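There are two complexes below, and they share subunit A, which is joined by subunit B in the first and by subunit C in the second.
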Partner chain A sequence: MTAALLRRHATLLVMPLLVAAFLAVTVAIHPDFGAFDVQSLALGALPLALAAAAQTVVVISGGIDLSVGSLMAVANVLAASTMQHAGFGGALLIAALILLGGALAGAVNGAVLVFSRVPDVVVTLAAGFIWGGIALLILEQPGGGAPQGFLDLAGGTLGGAWLPNALVLLVVVVAAVWLPVRHSRLGLTLYAIGSDRTAAFRSGVGVDRTRLIAYVVGGVFSALGGLALTMTTGIGSPLSGTYYTLSGLAAVVVGGVSLTGGRGGMAGPMFAAYILTLIPTDLIFLNIDPNYGQVIQGTLIVLVVMGGGLATLLRTRA
Partner chain B sequence: MTRLAGFLRDRSILVLALLLAALVGVIAVIRPGTVTPDWLANTLLFAAPLGLLAGGETLLLLTGGIDLSIAAVATGAAYLLSSNTAAIGTPAALLLGLALGALIGLLNGVGVAVFRVQPLVMTLGTGLMTEGAMVVYSQKIIGEEQRIPAAIVTLGSGKLAGVVPVDLFLWLPVAALLLLGLRRTGLGRLLYAVGDNQAACRLAGIRVWRVLLAAYLACGLLAALAGIVLVGITNAADLSLANVYLLPAIAAAIIGGTSIFGGRGGYGGTIVGALFLTVLDSLLTLLDAPEPIKQILYGSIILLLAATYTRLTD
Partner chain C sequence: MTRFTGLFSRRRGRLKRNTSSREGTMRHIATIAAAALAVAALGGSHDAVAADKKFVVGVSNTLIGNGWREEMICSIKAQAKASGIVSKVILANRNGGPPEQIADLRNLISAGANAIIVNPSSRDALNPVIKQAAAKGIVVVAVDQAVSAPEAYVLTNDQVAYGRLGAMWLFEQLHGKGDVVEMRGIDGVPADSDRHQGFTEALQKYPGIHVVAMPFTGWALNTASKQIRDLIASGKQIDGVWTSGIDAVVPEAYQTAHKPFVPTVGADNNGFIGQLLDWKSAGLVGAAATNPASVGGAGLAVALDVLQHKAHPHLIKLTPEVWSNTTDAGMAQLKSVHQEKLDPFYSVATEIKPYTTYTTAQMVACEGP
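Our next item is the complex of A and B:
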């Protein structure tokens, strides 16, 4: 009973320990690691964590979204170009509209792939081109801005110096979007179509409808990621998103979500986003070329998935 | 209608070839005098690296796999070639570039074939590793002489007798090898079989892992080769050389009728697909389309072709 429970929630147990271990290493090699560093860690991880959240929803439903980064870029430039002269209230209104737009964009992605029956990879690959072009149309050069109050939603700290706004914001928005989905009928159907589409269909799940909704939720998270980019960088940049498609996917994999769908949760990828952000920071502290960060990130993905593959292999042999 | 659909389904390459011809026709009409033997030579010249990259991708799509590391491998091979030619000579530098392709290809193959990792993640990881390693390497050798061997420049941008692109002499044999290999050899048939039904292949006593390993190795080598041709075209190796080719390479195979689920397609369609994308790109450039519009049109057309093709074959 306990063993089964442990196995089911293995990532929930392992991931926080892993983050703690990484933090311990960081403090060990850089004793000055303080509140300010925690704050910049949370800021750096915010867009990546939201990109990972967008990918997680889609991957759990058995799909994959290679347009996350481009969609983030669209939200980022839209926000930066419209908020520049707005007040705080106006900026919040614009942010709400952009979230709506994100949901709509996700719905377009989902509708196209449901109705055309073209595989997710191909549709979202092409959609990535299209959204990337649209981002460039909105803002050709990096620029724009947002009111200070809006930037402070992510910057700064809440209460004591050790609780960065960026962390609070992440927990609040992810919980606000994901928990209602996860604990409703919809959440169950998301996992169902991810693990076995045919079985889900025969049990009366509207497979097409659920796939579409997965992309809508993913679109909302992508838009949130774009807004986070605006908050953390202060400007809009049409090419800002490119990094996040693949890195978000990396966080999903490291966070223990199965790419075949139906397995994994939201917490794992969130912790993984922090780990992936900590690696380059540690390298800087160690005076190692931070470019090794990408090598390590790649190696980490390869090791994690190979380890997973080996475990499956051994289990089926036994 | 169903008969027409059936006719088109069996001749999807023909349909795409007609579209390609139409595209060339459009260019000839809106800019008379553009379509000359010289233009044709240039189109083939630029299509060759894409054709090589898409060739590797086709092999993997047939097995139900995919390779996201090809752009990093191609860039890496080109970079290794240009930064080592001065020190160790052209042949050794060429081998070094190809060795990178073989290494990453093998690594991908071991991950996918032996450890049964999803190809998308495995190659994403190795791609990131390769790209990062190249950035680190470029910092280490900063200030050293970059030299592209004259032979490689000729290979990438030379034209025999002023009309026949030299890189065709590399692409054509490779294409013949892939076309014949897929159709006539045991390994070729096995690629289709593995992509169609891996479990059945295992039960039939096929060593699936060997087939997959061979396919990933071939894809890595083709990517390195494409990078070497590409650096001959641009005559300068930078660290984002082949990045723009990753998605077109996959797109060329898919609009050429190779199914992403494996087991269906071939290199013939991919060649037409690579030519189609190259001509499309040159049309958009001719029209002076700004970059964003180009991207949007490019994506829409890929989507439209993929959707049409899926409708026809389902």
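Our next item is the complex of A and C:
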């Protein structure tokens, strides 16, 4: 019983240990690592973690969303261009509207690929180009702004210097969106269509509807990611999303979510986002060319996937 | 060993300014003392004493694989070495946007930099972190592109003038009439918008000039090369080409296509200047607008001066020059700056007087302290 539970939640055990190991290494090479650095880490990881969250939902349902980064950029420039002269309340209202927009954008993605039967990769790749263009149309170059209160949602340290808002915010919003989904019938159907679409269909799961909803939830997380970019940079930047599609996907893979769908959870990719953010930091402390960060990230992905495969192999033999 | 000298210098040299964030220092004093002893024991006693006044320099750059940016970083390393008062240059160098650069800057602050040279990815987004750095007594110098933070020093080429002067030369060359291509940089980046603004200002003075294509090269050779080849193949009328610095691919494309050259404006890149000299007899007419990559080294020189309480204005703008191969003076200038051995995509303005003190050979060697 306990063994089965452990196996099921292996990533929940391994990922925090991995983060702790990376933190230990960081403190070893940089003994001055303190509250300021914890805040840097939380701020840097926030948009990446939300991009990973968006991707996680879609990947669990058996799809893939290559428009996450561009949709984040749209949310980012929309927020920055409309919030500039708003008060805190106004900013929150705008943020809510943008989240609604994110859900709509996800619904459009989902509807197109469900009804056209064109593969997810193609539809979301195309959508990515479209959103990228729209971001540039909204804001041609970096600009705009947001009220200080809104920036402090991520930038402040309400819970003391060692507990940055960016970390609290991440936990709160991901839990608020994901937990209700995960613990409802919808969560079950998401995993069902991800692991075997035909079997799910025969068990009476509305496959098309569930796929569409996965993209809607993903769209909400992408919009949250865009808002996080606004909070952490204070401006809108039309090109800011470029790196988050693939980095988010990397966090998903490192976080133990199977790219073939139906397997993995939300916590893994969140921890992975922290690890992927720590790598360039360590390289700066070690004064090694941060371009090696990409090499290390790639190696880590291969190792994790291989490790996962080995674990499955051992399990089936046992 | 280098790392420890760096730490050592930081603790001794900057302790006054950093006391607030140094509560954990006592715990590490023993380690540091041991490291210092080790340095001394290894025959570095002189270094250890000199390290007292040495500075740690951080560099933040968010466009990699670009010759101009590489040269900028090399000029910073060369200036650091030539100055004799820099113990270490820490590079934060990766592709990214404002969020990545903010993270890098925070890490450089944390890594103990006394001065940070930044090529900013945004005019405004870095301001809060620059303010934090300044509060810790760190001198921040933005080079190549400006930031709006009042705490920062800004040393840039005048990019609006770069766009305007090059375009004016081209339109003059075409006698105010014709179809031109404007090959831009990266959409949404300050230097690109500034240059486009300058280009547009020039365009307004020449109503007979029409822009037939305005591709974004991403400041990448392969992209620009494909774009110009496609444009030539399209059969469009093209009387002249203005480029935002990805220049040598244009005459090359015309040569490969066996088409007569059209007047071309580029930057002071070694390869393009070579073309202006060598292919003049084959009919290439062109001009190079200067955009020295050595703003990096010059920025460091300013930062080191400020650290040593020597004042500088917060805004230093370099006015670009236009060297054309149509005049004798221009030819003489081009000949004097062209360097056979320099990388074709390096800017020939390897030094900026009175700021930089290294030699061109030192910059090409690209070695820091």
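Just so it is clear, the second predicted complex is superposed on the first by the 307 of 318 C-alpha atoms of A that agree within 3 Å, B and C clash if a C-alpha of one lies under 4 Å from a C-alpha of the other, contacts with A are read in each partner's own complex, and residues count from 1 in each chain.
In this section, contacts are C-beta pairs under 8 Å (C-beta built on N, C-alpha and C of every residue); 3 or more make two chains touch, one makes a residue touch a chain.
On a predicted model such as this, the values are computed, not experimentally measured, just so you know.
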Between subunit B (first) and subunit C (second), which does A:P31 come into contact with in this model arrangement: first, second, both, or neither?
-> second
Taking the superposition as given, does A:P119 touch the first partner, subunit B, the second, subunit C, both, or neither?
-> first
Just subunit B (first), just subunit C (second), both, or neither: which does A:L229 touch?
-> second
So, A:L136: does it touch subunit B (first), subunit C (second), both, or neither?
-> both
Once the shared chain is lined up, is A:L310 touching subunit B (first), subunit C (second), both, or neither of them?
-> first
Is A:F285 contacted by the first partner subunit B, the second partner subunit C, both or neither?
-> second
After superposition on the shared chain, which partner residues are touched by A:G293: those of subunit B (first), subunit C (second), both, or neither?
-> both
Could you look at A:L259 and tell me whether it touches subunit B, subunit C, both or neither (first, second, both, neither)?
-> first
For A:S237, decide between first (touching subunit B), second (touching subunit C), both and neither.
-> second
Go through subunit A and flag every residue that touches subunit B in one model and subunit C in the other.
-> 136, 140, 289, 291, 293-294
Note which residues of subunit C are touching subunit A in the complex, please.
-> 3, 21, 24, 27-28, 31, 64, 88, 90-100, 102-104, 106-112, 121-125, 127-128, 186-190, 192-193
Can you list the subunit A residues touching subunit C in their complex?
-> 30-34, 36-37, 39-40, 43-44, 47, 136, 139-143, 145, 155, 229, 232-235, 237-240, 242-243, 277, 280-281, 284-285, 287, 289-291, 293-294
For the complex, which residues does subunit B have touching subunit A?
-> 66, 68, 107, 111, 115-118, 120-122, 124-133, 135-136, 139, 247, 250-251, 254, 260-261, 291-296, 298-300, 302-303, 306-307, 310-311, 314
Mind listing the subunit A positions that touch subunit B in their complex?
-> 64, 112, 116-119, 121-123, 125-130, 132-137, 140, 246, 249-250, 253, 259-260, 289, 291-302, 305-306, 308-310, 312-313
